[in-house]
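So that you can tell them apart, the chains are marked A, B and C in the order they are listed, and the count of residues begins at 1 in each.
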Amino acid sequence: MMVDVQKMEQLADNLAVQEEVQGRSLFADARRRFLKNKAAVVSLIILCAVLLFSIFGHMITAWSNEEIDWGILGQIAELGAPSIENGHYFGTDQLGRDLFARVVQGTQVSLMVGIVGALIAVVVGTLYGAIAGYTGGKVDNVMMRIVDILQSIPYMFVLILLLVVFGRSIFMLFVGIGLISWLDMSRIARGQTLTLKNKEFVEAAVATGVKPITIILRHIVPNLLGVVVVYSTLLVPQMILTESFISFLGLGVQEPNTSWGAMIAEGAGAMQYGTLWQLAFPMFFFIITLFSFFFIGDGLRDALDPKDR
Amino acid sequence: MALLDIQNLRITYDTPDGVVEAVRNVNLQIDKGETLAIVGESGSGKSQTAFATMGLLPHNAQVSGSIKYQGQEIIGLSHEEMNKLRSNEIAMIFQDPMTSLNPYLRISDQMAETLIYNSPNGKRMKKKDAIAECVRMLEAVKIPNAKNRIHLYPHEFSGGMRQRVMIAMSLLCRPKLLIADEPTTALDVTVQARIMDLLVELQEEFHMAIVLITHNLGIVAGSCERTMVMYKGEVMEQGSTVDIFGKPSHPYTQGLLSAVPRLNQDEERLVTLDRSFETQMAEG
Amino acid sequence: MSTKEPILSVRDMRVEFKIKKQNALPWHQPEILRAVKGVSFDLAEGETLGIVGESGCGKSTLARAIIRMIPSQGGEVFWQGRDLMKMNEKGLLGIRKEIQMIFQDPLASLNPRLTAGQIIAEPLKTHHPSTSKDEVKKQVRELMEKVGLSARMINRYPHEFSGGQCQRIGIARALITNPKLIICDEPVSALDVSVQAQVVNLLMDLQKELGLSLLFIAHDLSVVKHISNRIMVLEFGDIAEIGEAHDVIHNPQSPYTKELINAVPIPDPIAERKRIAERRALEAKA
């Protein structure tokens, strides 16, 4: 029960540390937390490697993605296997084209499609859902019915219509992806917004007189981020697969260009001839990218949540 | 052996604005059936001490020292073992009722869940029985029309009712140690008195030990044998409530007691704490 | 106080909640809970009206209905002569600059993804968007110190504060735009007596300086008595009694007020234990 003098001294020392504090940005904080997550960092490195591979890969091979190696055509199963000597590092495809060059080029397309699709979903879908959910009432009803309608129209029909009207181009591929990618996201964002809307801190912002659009951007959207980020990393592989479907319809990437989806389909078809490498290489890239996105998404969600450290 | 024995507890946080020492050198013991009050300045580490005992500190907290519950060390206990302790032995009433209730679940579901999975007699309870038991508990904490109200969502309750739901929930499994973190802040004095009666009743029946964290010195005076005073993360003094209220030895305690507003005083300004003791003490 | 024109007058305010029974079918009538049943009062400029009452009697609901956070089923609210209930959203935004609210649940009313500094600055940024960054920061720091928070905590997130510290962030947020009226829903419930005194004194100082009016909801009768000019006692959504603070406390008229005052615990172990023992003996007899 005695007053401990030493204790009080320490206490006063505690109080003496009153130096100026640095500003603290959400971004710098998030980066610090992200870097602590080993799986996420490794994944990020892998993803960067894949990206570099897609950009600079064509420099280290003599072959292009459309040249046919006439020397091995017809004997793919015997001569087309991966080998350093003839320069086909990943082997060749059924037509004798260099698989390495094709994977490099396919990676460009697929990564682009995945990332653009996810971005559209995040930006358009989140905002759309948040606005619908926050405004509520008639506006919400109309906005969500539009989503219903877009989702109920057969996708193939829309694509064919686009193809007929605008002709084929890589640009149309992104239009096609953009059209569907945000629909599910907007529903998820709306659902979350409905529950956030009743939270007291949103009520406090309303009582303060903050304008609705500011409330959405400052109070709702940041609190949606966790769900949004996770869902969008699931969306990336879905978009990559959708691309192969669109391409199959003749809207997207056209021969001799290719993509992961197309190559995996071809590789799977050619398996019966014993050319397993045609499936293995594109599949390998597809899978490591999937996993990377998954872990990065997980890391991002934790990093963006100030509560979790 | 004390039921709960905390030795040299220290909790620090590494924040961008420096190391925050939330709790420092806290020692406390509590026996079966005893009531200990923790009072002290806002931000003095009372809740942090409670969280540490429940194993609920955030991931970035650095803890040292020892917390023994019935001789078993709690710091460093695995998730499962801690969960088991929390469901059967130690219960906590959280300071912030709204953030500790799930907004998407009806009160009935949240309350019954605890009973169904950890009923006091070890058997799995039927949902109907569990809900009936929950209603009884809600009636005990004076929720009007508890039978119908139990099926509402948390946001349909008033602030004080949520707090009472938290109290009822923590008592359902008959804990041996109850940590009540400011359990009556949102309650008027009449309901507050009822709640304290209920706690005393249960304590006598089940020999429950209570750690009561509160700012309400009237409650401390009325129902706690021992009192511990905290200031800036440290224990200033602890001892029997009668002694501490009668002749407080620490200048902080003296200041705190003299700052209590009373119904029959008519001063223009409320008394605040004279913090000059900090520098006095530091100087020697 | 009656000489002045009231700044806020509430007439016959009524709020009802529809409560759906569990497993109710769509055509079942929901039960109606009448949370506020026709409350009227006036508040003058620079005046404090304390509101007390049993937990669940409709204090928070009344407060939220006044500033139209929830719909009311009848009644009028005049703010400086203008009827708030008939105002459109745009008009309301202007009024919200003058009326601020401190919420009952401290942590829940703070956005977990904003720092303390950003939270406190929000009203300022909303209503005075041209204020420079440095000026905002300066005001936030000043205010934090005034409510007893160290300014170096400015970059922390709400979950890194204690309950009472969160409550003070909420108080600072309500004060920063110098509003004319603050509706305080248990603003000091999580504070120890000395910090509580500091905050109450701050509010009273501002009142003297700027003519701030307060609606002060609290359970601690001694604090309510201290800060209020008048006290309104609510019981089941109705006014049990309203009058000068001193009269209500020292000469209560309604039985409920008497009961409340008798139940106030005394911060003295010997006297308080005696009081409890007497009460229990009395109850055992009855």
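Just so it is clear, a residue touches a chain if its C-beta (ideal position, glycine included) is under 8 Å from a C-beta of that chain, and two chains touch if they have at least 3 such contacts.
The model shown is predicted, which means the values in this text are computed figures rather than measured ones.
Novice: Pick one for the touching-chains graph, please: line, ring, star, complete, other.
Specialist: Chain contacts: complete, every pair touches.
Novice: If you tally the C-beta contacts for A-B and for A-C, which one comes out higher?
Specialist: Comparing A-B with A-C, the pair joined by more C-beta contacts is A-C.
Novice: Please name the chain that ends up farthest from chain B once chain centres are defined by their CA atoms averaged.
Specialist: Looking at centroid distances, A is the chain farthest away.
Novice: As a quick test, compute the distance in whole Å between the mean CA positions of chain B and chain C.
Specialist: Once rounded, the distance between the two centres reads 25 Å.
Novice: Return the distance between the CA-based centres of chain A and chain B, expressed in whole Å.
Specialist: Roughly 45 Å separates the two chain centres.
Novice: Can you check how far apart chain A and chain C are, centre to centre, with Cα atoms defining each centre and the answer in Å?
Specialist: Taking the mean C-alpha position of each chain, the two centres sit 47 Å apart.
Novice: Would you please write down the residue numbers of chain A that are in contact with two or more other chains?
Specialist: Chain A, residues with two or more chain partners: 19, 21-22, 24, 199-200, 307.
Novice: If a residue has to touch 2 or more other chains to count, which residues of chain B qualify?
Specialist: If we look for residues of chain B contacting two or more partner chains, we find 16-18, 58, 98.
Novice: In chain C, which residues are in touch with two or more of the other chains?
Specialist: Each of 105, 108, 152, 155, 159 in chain C touches at least two other chains.
Novice: Which residues of chain C touch chain B in their complex?
Specialist: Those in contact with chain B are residues 17, 19, 21-22, 31, 52-56, 58, 60-61, 104-108, 148, 152-153, 155-156, 159-165, 167-168, 185-186, 189-198, 200-201, 204, 219-223, 225-226, 249, 259-261, 263-273, 275-276, 279-280.
Novice: Considering the complex alone, what residue numbers of chain B touch chain A?
Specialist: 16-18, 21, 24-25, 58-60, 98, 103-104, 155, 231-232, 234, 236-239, 243, 249-251, 278-279, 281-282, 284
Novice: Looking at the complex, which residues from chain C come into contact with chain A?
Specialist: Residues in contact with chain A: 67, 69, 92-97, 100-101, 103, 105, 108-115, 122-123, 126-127, 150, 152, 154-155, 157, 159, 170, 173.
Novice: Spell out the part of chain B that touches chain C in their complex, as residue ranges.
Specialist: So the residues of chain B touching chain C come out as 13, 15-18, 20, 39-44, 46-48, 58, 95-99, 106, 108, 144, 148, 151-152, 156-161, 163-164, 181-182, 185-193, 197, 215-223, 241-242, 245-246, 255-257, 259-263, 265, 269-273.
Novice: Along chain A, where are the residues that touch chain C in the complex?
Specialist: Where chain A meets chain C, its residues are 18-24, 26, 199-201, 203-211, 214, 218-219, 222-223, 305-307.
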